[in-house]
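Look for chain A in each of the two complexes below; its partner is chain B in the first and chain C in the second.
Showing the complex of A and B:
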């Protein structure tokens, strides 16, 4: 009797296990088709001179060699890093400033939830709308921004050509990205600060510790993991920057190619150029992947070492 | 337990279906495959329909015809075709020109058989043919070569693939010419005869000379410095997998730089308000700094431009000529205003053409017979060409018999000049070997080089070297002779 009971129990357990696999299966299939297959297929294509049709012809490491020696690829990578670099400094700076203001026990600002939502809003607007909005706002002849600047005496008669000057255009993209994503960083940092035990701050205050010291000695060190997370995700997103510069500078990243990011360069070879060079585009994708991977690992290692 | 089996079966079949779909995409039809399979499929039916004359077939046509295009021309034609054949349902899908190649690559590449008619511009065709998207029209039941000689040569040949198989046909020709003002010609050069004025446009040197003469007389030869783009090269950009930068291209660069730097144009960029206005009378002469507008003058908005241009220009002048393909007739018609009747058209320093839509049958179409009927009706039928001339208000058809029929049609805008005869003559001089699939990208890079020189941001040597670098990075398969010497000035 006891034996059969045990058997039934065992059977049921095995059944449950199998059912679990069944539930996971749909995800695994979708994941394989839409993630694993494209990733492997891209890798395979990067060793061919595939033109987008016909049979891919094996080309060995030629595409990779070409990426490494292609100075325009490195220019596009530098454009990406420049735009991202200015953006991340502004984005984190602004987010930090807001975190300090909102987390200060003295100010006790109310309505945090409302502010948080408002700051986050730009991130959920479609990039197409944002590109259109800023193309209009920053138009050098009729743009609101130049008209306001003229009111305070800047650029009268010689307005800043935001989308025509390489430096101004990259700066504008950086600032727009900041505007889009500072709310996101702010939410993360704020959550981090709220997770810090308030005893530390109280103790420090009692010991006569100033605001700046509290920030550098308590908030900053304890926020480090979150900061790292924000920076790495931003780096990965930033290296993949495409939509905004593409919509504003078209595929060539005008003015003078200053807005051509690495992914736009990839897009040019994979989609825009005739005849297409899908193999080369795939190799660019893998070089970028490796670069991001290496940078992320270095960043993680450095952080672990300090801890 | 039963449920599990069903689930497993469903999921497994799902997986097979999706894998099969993926597999198909890698086997996108290559040119030879597509050719043979389609002929096999259609030879059986050939005997039944081949004998039927076009007219008879036209009355019996039925089914659904799907057209993937980037121009509204085919929408107009599709609607009329449906009107003539009540049993045919025509669906026209219009995609932006820039996105069209991607639409074909992804659609046909993945085996989508919904399109029956597909199209292409001259520089798009080569890769499309190579990919096997276009049905071989030389095969039965189409036998396109039966119609050889009915269409203007260059258009007919442009529709052939590397092996000489007809894969697409165009309903229009687009040779380039120069549209000039007869009244100004008579005043400055003492004649308005297209032959004589053609001599002024016969070389870059004579164009520059004419530009100087016209400026001295208070006119400007062109509104913009882009009027020579359709005659900017005498040879192909790529010959035998090698970049072919010729002295002619360098001369073109010099001419554009001189037109720009010596103030020989009105600095009215193509397609801006002053450019259009220059077709109907005097325009304010802008400068290199103001040609794209200022903070209170919008060159793209006629009203705004007229209100504010006076602040940026202290002289007005009339413009002598515009360089445009035959479809420029339509642009001129809408903009000449009171100068109508005082225009003429003459040939330029080289034969050139701009654009043109070529139509063919998708090799995956399930309705090829109907698609072929449509192509025959639109491209090879004189009545349709008559209709097209009328409905497009002056487009130039490619059917020789239609062009000959209308050869004596006088165009009032051009003082009664016989334009169809002129375009036919121009089209016969076009050398197709000049068009390659690399043209768009290399032409853009060369345009950047010219802009850098004319705006003074780069010397000619530097601009040419940068051009070489960019071509090398874009097309590493091309050999580039950097040692080739040119006369730069």
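Showing the complex of A and C:
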């Protein structure tokens, strides 16, 4: 009798668990069609010379050979890394500085909620609007920024051509990206610091630990996982940089191609050129993915080693 | 005394930084009310009188409200689909033990690390094979499968949902799906809201995919419509109209931010403490 009761119970349990298949079904179907299939299809196309119409013709590793030896691809990758690099240093630096200020136990700075919201505001605005806003504000002849600079005596009669000079333009993009995202990094780091037990800081302060020592010996090590998370997500996001440089420099990334990022290069072959070179664009996508993967793994490994 | 001065300097720096976040938007609003000629020749923070003329130039070229309506038609259903189906999937992964559970979970983890742009070529190829180019379907339906949201909500359920509640429901003879709707969904609401707001903003601001998929100007979403600015010589020649276009596209999301900033910020904090 007891045996059958246990069996019934087990059966009922299995029944609950079977309903789970029904629950995950919509996700699994859509995920396979719109996420998994495109990734695999891109891989398949990368071995063909598909032009967007007709039947794809197998081309072996020819596309990959071409990517590796394509100096414009490497230039576009270098542009991406340069713009992202300047941006991430500024962004994390600023976020760190703010985190130190707001977590300082001596000064007890107030108004975190308000400052946090204001710092984050640029991040929720669509990049298309931001791009046109800064394109207009930084216009070299009639832009408001040069008018302001002229008022304090910079560039009178010879205004800075922000979007015409390769260095100025890349720097401007990096700074705009920083402006958009430092609030985001700050919120993440701050959430991490608030998770640290404040007793640590107070005990260290009582033991005569200075501010710098508290930062390097307590805050930094405990923030490391978050820092790693922020850097890796920023790297993945940064390598996909498209909207801002594309809207300002068009598909060729002007001035002089300095704003052409890797994804813009992919877009050029996959969508903009006539006829398209879809197979080549697919190979670019996979080379990019492998590079991001390798860098992420190295970052994770280095982090584990230190621990 | 020294401490007071230092505190004052810190506040001053924080305020300058805050102003630098706001001033471009302020300039945008002020310049939207000035004529192109005024903007070219002088700088001021006092609003001008040309709002009406700028408005007429902008709306003679495109109907930005149609763009907003189109963006809503995509962002609202996409957000609902993501919220509902991610919650359902997360619930199944968190609560039930079934074959394939780990496969699904690890696939989700892997796809969170894969850059979305990687599949752009394959995605477009699929959409054109399905004859869905220039349709909203490929912009809405994929929202059903949002790996990042499922991952977050799974962690969330595991921390807030008492399993005893489900056992009690089962003893009372409740069906599994109605338990999800009546017990689990309400408990998960704060977590869902956090993800939904982030998802809505992402959909509302999306540019690359809608730009690639949509061809008909009357179907353009707001960001895609705004980018046709550079094609209009009338507007490009008149900076006041350019600023007004940008202002109209930015102000709704700024107003929304005033109401929801708390949730938005908690969604970012949630992202950072998940490990």
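Operating definition for what follows: the second predicted complex is superposed on the first by the 300 of 307 C-alpha atoms of A that agree within 3 Å, B and C clash if a C-alpha of one lies under 4 Å from a C-alpha of the other, contacts with A are read in each partner's own complex, and residues count from 1 in each chain.
By our rule, a residue touches a chain if its C-beta (ideal position, glycine included) is under 8 Å from a C-beta of that chain, and two chains touch if they have at least 3 such contacts.
Quantities reported herein were computed from a predicted structural model and do not represent experimental measurements.
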Go through the superposed model and pick first if A:167 touches only chain B, second if only chain C, both, or neither.
neither
Just checking: does A:72 make contact with chain B only, chain C only, both, or neither of them? Give me first, second, both or neither.
first
After superposition on the shared chain, which partner residues are touched by A:197: those of chain B (first), chain C (second), both, or neither?
neither
Please indicate which partner A:19 is in contact with in the superposed arrangement: first for chain B, second for chain C, both, or neither.
both
Mind working out whether A:37 is in touch with chain B, chain C, both or neither, as first, second, both or neither?
both
Chain B versus chain C, judged by how many residues of chain A each one touches:
C
Of the partners chain B and chain C, which touch A:274 in the superposed model: first, second, both, neither?
first
On the A-aligned overlay, A:216 touches which partner chain: chain B = first, chain C = second, or both, or neither?
neither
According to the stated criteria, A:239 is in contact with first (chain B), second (chain C), both, or neither; which is it?
second
Looking at the overlay, does A:247 come into contact with chain B only (first), chain C only (second), both, or neither?
second
Looking at chain A, which of its residues have contacts with both chain B and chain C?
18-19, 22, 26, 33, 37, 141-142, 271
Chain B touches which residues of chain A in the complex?
18-19, 22, 25-26, 29, 33, 37, 51-55, 66, 70-73, 140-142, 146, 150, 157, 159, 252, 271, 273-276
Can you check the complex and tell me which residues of chain A touch chain C?
16-24, 26-28, 30-31, 33-43, 45, 98, 101, 106-107, 109, 111, 115-122, 124-129, 132-134, 136-137, 139, 141-142, 144, 147-148, 151, 179, 183-184, 187-192, 195, 225-226, 229-230, 236, 239-240, 242-243, 247, 263, 266-267, 270-271, 278, 281-282, 285-286, 288-289, 292-293, 296
Residues of chain B touching chain A in the complex:
4, 7-8, 11, 14-15, 18, 22, 26, 28, 30, 101-102, 105, 109, 123-124, 126-127, 130-132, 293-298, 437-438, 440-441, 444, 469-470, 473-474, 476
In their complex, what parts of chain C are in touch with chain A?
3, 6-7, 10-11, 14, 17-18, 20-22, 24-25, 27-28, 31, 39-40, 42-43, 85-86, 88-89, 91-93, 95-98, 101, 104, 107, 111, 113-126, 138, 141-142, 144-145, 147, 150, 170, 176-177, 180, 201, 204-205, 207-208, 212, 222-224, 226-227, 229-230, 239, 242-243, 245-246, 249-250, 253-254, 257, 261, 264-265, 268-269, 271-273, 275
